[in-house]
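See the structures that follow.
In what follows, chain A forms one complex with chain B and a second complex with chain C.
So, the complex of A and B:
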């Protein structure tokens, strides 16, 4: 193929935008300014549910200087007052009723930020309060119907074999109930946008976001405009973790409404307190397991009920639920599996996308529960799992046949070797008798599907373009965003490998809906595996065009390639090629039955945590962490390792630190002084290892990786805490207070 | 958006000038040192001075003088980083270097001063919130409101003394020098704090904290233990300072405790001295039996309220454990 010795895949080439970021040249949205630009703020509801009876503009604010937007303005422009997503139930601005605290009601804009802040305080909104549902349990129990007919956004049923008939064949049935809490994404850069809107040009938005085309779709509806009158441009984005998947559509709409009314560019940037209190978080969950096993520890049936709290509006809850549902049964073979899942409504701000997307919740429950089942059948946690790991050719909960090579037992062996697991289990048991500080080691084994669930990718039909420039460079045209995870760099590596030219020769276009095709949202661990593959095919098509036109030999050097690009453009004009998603062969998914090939590929992983629990202060500390995973081919080891380390740290936060305190449906600790995320002083060394097993349909053999590390920490750590203390905990975040309650009960001989 | 309101900024070069400005401007003036406490409070509209007077350029306030033999004076504007790194403080007053090191993070210690730390506003979950938040639940007693959300029947504010250095200063018997246009006065750290979350200092607003006088190190030792959620950043939700002094000479090969103090921070509006703990220790050998009794006394007296991180019960339980740790740390070497 190519004459270039250059094979960047598998090498840690430096981040494309790294230099700009560390030297402060990268422009985030708040660094950008336009002539005449003014500022916008949002006035929000103070009650979780109620009817708006009056809005008044009080105080000594010079109201005539302000641009004021309410729901009425959306009616006046003939737009749709909903954030177009799945069910379209969430208004841009609450009209008559509010369904959660911090719901946007009024927008204000003014050139002076100080006056704006005072003005926000002088908007008086009166309500007739309505009874609100503030917890998942109350919603499930229908204490009040607050959404639709039954408070339910979405349900799924996965049914394999016949669970009801299986109970009789079981030697043992083990039940358990598990809970996870909300979690804030805490990207470094808060949500922010700038909008310019007018009758003539339509709407243009610059902002911090993951999915420009989601924003595009939502603005088309809000402003009742044709596609080409809405333009969305992603600015450098300081992290997302899912928190900038659906939310930017809202803030972008708000800024654009203000801009349309006042005729000037409008910037809205949330501060941390507003970002934390008003935007989406991870869905809290409750999972119930009923598991049938034989006395030699073979799974006979798994009956799983999985409920997530979606908050006040549907937003992305059905998709989060779908991923959570499919991951709830893990990398095990069981002939009979039933998973009943639902996403329910509460009067708290909508929960949304967050790294893992429902999977960490279900996997936490499963991996805790399997330790319980193992104990009940008298096996060690590892031996029990070994007897049930899914093998090549066996079927998952959705009856998907695993065609690729999978070796969970081998991964487990390696992880144990890396951690000295067996030796530590024995030693800790002995040492703990004498010691104030109890040590423990535990693990979780899991899989994570890459790409959209089921037929999602087929519906999306993502497109990626490649464009040759007259300097002989290649520009990748995709809407997939760089949000710190390395999109630009790996796209350049993939293209460079496919073309056999330097990765410096590859440029990645800024995602701008006017210039790049829709390569789908930057979510679901799909960017590398799915979009990366399209990058590969688009540049190969480009090469094919050059070869086909006779300008390039099959065996070319870099300068020949550049020369061929130049000549082609001179002779025939712009050279662009596009590639559209096509499902790998033999992928079948039945949306009604929720059966079939849920994901094209899975990453497989074993995470091991070592903890110490102080029996006097009840503080749990993670002492060591090993993350071992098989993710196909690793494209960029430094970036991949960074993804895993970051995800594990975020997972440790989810497990032991990050506790959203709810007060009347509002996050009470919406600042970083009392929403506690772990610091480097609280995180152990995170040791990251990869097994490589190239995936035939991924670029260079890669699968997805971004969400995976969020799945393992919580169950591994709680399994380790059980090993240390002898007490089994069933919820995260697990605070010292909860450990104290249970440990003192044990000390006083009260059974749990 | 949390922004600083507009204010006038003054930078005096002498003590006399500093106290004159505050005297002239009156109650709308306030001193600032590193600003790590004041500026966030201003952004949240908890404090609303119109004139802010920096104390960072007054040379007398930036010095550390003396030594362990004669006692040390630390100027109020000395940064926490300088204290943490100061050789003499590390040698003669290691407890102060240690407690200062537990404060927040290096970045905040580079800006924050010892004076600002000793005058730190009291803290409460219902108060350390932005304006909208506080308005949302209706303002509390401490600022703009008339109800306490922590103890609704209470006419008093229970916001918590949250400096790591305050319990240590009280335990070792430090003194503070204050100056105003009316002259100077010295006050004991032990008598400087009021058990009231609003009026928490016995300092008039027009008084400048000039320096901190540490007593000579003639035979006492002290330690500090801090409880917080993470290994960095967090304010103490319990801080235990222990101080102990032995009789000269030994009885039956053991030394007898002549003086002892246990001071708890982070659980009440003022630092709490546990007289019962002192009583349990004084006149006895410094062994585990009496240490346990002192820790028990600390546990009984610790009555945290539900207005900081962690639940009350756990913080109360920890008063025993942390007092044990603080005292045992003093028993190690002779």
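So, the complex of A and C:
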């Protein structure tokens, strides 16, 4: 260890790019311009499914001034007209057929934004409409086959023990069905990209994005270019939440196609309405549970059927389904578990990544269902869970042995203490008899795996670099993006801790595929735990090189370290070290059987919500929220708390406010005035608590936290609403209309 | 589309400014496209999110809903005018250091609304802060850290010591 007593891990080191952001100096993509730059727009389909019969360019638009791109242009340049991701079924531009409303068909570019908008309206596209599938139910029922042979993108089967034989050993079998709706990510900065493309230099794009190498991979195929002729640069990004995981590949391709054709830089920035109507949302879901228990409340078997609506193309649905499937059985031990899951096609815009990535849907269903099972077996929700919490050494649904210390019962005790749960449960029951406003308290207990599922991290084989600079600083080279969650800051803290130098001495390179290695996508709660660990090992390798070359003693001061960097560069040239992902020992995963160590580590959590439901206005409100979690080591308390608070707020939106209204396969309420995300007035106190149980293979002991807070709010709030009203709701978002419909009967004794 | 440009004079971030622009442009577009001030952001262009907030004569307004023409003779302050040279406004310091800015895209709008609030009410309680900020949307923070940053800056501006929120001091020796 170095002589410098510098241990920033666990401290609230200020956000690295914070000053730029509060002075207006941070440059987001729309803040950047190039000489000669012109603008691009997208002309989209107005029908959910059909054959394109004619495209005409009408009106008094001076069409000869416009750059126009259609699918034919992709053929002409010898490119592949698909967005390279998993199944490559989604075209960049619809060719002959459209499979969802708002699918891109024609691209236009012009120097004048206002003329461009008029021109967009003057493109006439005629269709021969085809029958469309607009709901998950219709897709499952195969009312029409719209994708492949059976409308199914992907299925999984998790099978532990023998569920079919277990029913006979049960004292009680409880069934339930649960639904979750679509949810818009609603980052405040809309999607946008600038592209410069020409035959000589290839394609360069700047944009708001989470995953520069996803865009890189997609553009290589679209333009049939070698890797070094495509360059992707992430600009300051105003939030992502999954919404900028896969979609930027499409906008980048569109902008680059226009740029290649017109020979000028092209900027495409979506406005709010376009971003909401055309880009991805959280997958709607349906979960069916059939649960066998003994009369003393021990789980005997869990049979779970989990279906998500993937929209018109496969995109990331198989991966979302995977995470949702694995999380569907929660932090409980059951000897027999069967999870059958599928992602199905509908003719609506493809659903995609959104914080939690399938897990919030399955966890909502499970945590609602377990309250139902507890009631049926005559136990309180907490006592029932206590009898079934997974213990160290027991196995999850995928037969993963939990090797780490886990104490869900202890977390539950502490969460109840923090909220006065038992006292409130009793008091509310009494007070509610007399009062118009019914109060309730409920909770959810859950776990969330960090990093890619199963063998995912091994396949990714992420790389991080560390580069010494001639000023004696260290630059971290990674494609992991700062999107508000604190990547820059925690990478600097991790490197600083490992090297024993000030975190100010650590720079984090702008993600640019020409300069940084592929450290994998910025998703799946993996940036801190997985990529952070690579940052640690890359800088340690750099230190080792300096020590090995005799320029640095093992025990050094900061100035000696800086001097050694300078001397090394003078003597031997640039100094860069790289670290490649290696799986921790004892991680085994069987992709065919879907069995084994699904995740290297889990965060464990108990969330408690207190609600009030007005029996006159049918308004439900969250009054207090406690989020308690064990996340390994907390690297930066302010950033970590901010992640939890923000995730809980999104979770409250998912539960009570954010209702996507579909009309003929199209989002009808694509504005912030009629799609309501929580405002300052809607958010209760959110009290965040951490327990720390350092994870041996995370940097400084850290695990992942980004997605975790999205899992708990929906079931905790609906469990609390049941406690308040006596009515069990099985779907989110839960709007006042649904509360009214169900509550009038119960509270006023009206039978319809 | 008329080619005639409008021409106005006004006070921008404490200095006299003159600018010519297409007369249909909003103040937001004039600031960004004709004056090159990129700190004021587009969020929704419909007055729904508060992201484009600037101060006009000390009052917060949505620059996406105000015509550039209407700025004639007014005193306009954007995020670029909030710091005093290299000296950050206390709100900018607390926003940067205590987690109120995450992705940072909504921060300019929140900062200016908070500045307006503290000028009117140097000692607002949590409810007053919530109400003042309720026209601005943030998707990252859940707002809690924004309230804390406003409270901390207000205390500092009053010359008072204030204990940092629990999370902010967590882990410090």
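Throughout what follows, the second predicted complex is superposed on the first by the 746 of 752 C-alpha atoms of A that agree within 3 Å, B and C clash if a C-alpha of one lies under 4 Å from a C-alpha of the other, contacts with A are read in each partner's own complex, and residues count from 1 in each chain.
Heads up, the rule we're going with is that a residue touches a chain if its C-beta (ideal position, glycine included) is under 8 Å from a C-beta of that chain, and two chains touch if they have at least 3 such contacts.
Keep in mind that what you see is a predicted model, and the values were worked out from it rather than measured.
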Touched partner set for A:271, first chain B, second chain C, both or neither: both
Touching partner for A:237 - first (chain B), second (chain C), both, neither: second
Which superposed partner A:681 touches (first chain B, second chain C, both, neither): both
Touching partner for A:673 - first (chain B), second (chain C), both, neither: both
Touching partner for A:740 - first (chain B), second (chain C), both, neither: first
Contacts of A:46 with chain B and chain C, given as first, second, both or neither: first
Partner chain in contact with A:571 - chain B first, chain C second, else both or neither: neither
When both partners are placed on the shared chain, which of chain B and chain C touches more of chain A: C
Partner chain(s) touched by A:114 [first = chain B, second = chain C, both, neither]: both
Chain B versus chain C as contact partner of A:422, first or second or both or neither: neither
On chain A, the residue positions that both chain B and chain C contact, one per complex: 114, 269, 271, 671, 673, 678-681
Residues of chain B defined as touching chain A within the complex: 1-3, 5-6, 125, 128-133, 135-137, 227, 229-235, 309-311, 313-314, 317-318, 321
Complex contact set, residues of chain A against chain B: 41, 46, 113-114, 116-117, 120-121, 269, 271, 273-274, 277, 616-618, 657, 663, 666, 668-671, 673-674, 676, 678-682, 735-737, 740
Parts of chain C lying in touch with chain A, wherever the complex brings them together: 1, 24, 32, 37-46, 48-49, 51, 78-80, 82-83, 88, 92-93, 95-99, 101-108, 111, 130-131, 133-147, 167-172
Complex interface listing, chain A residues touching chain C: 10-12, 14-15, 17-28, 30-31, 112, 114-115, 185-190, 236-239, 241, 269, 271-272, 483-486, 634, 637-642, 645-650, 671-673, 677-681, 683, 685-686, 688
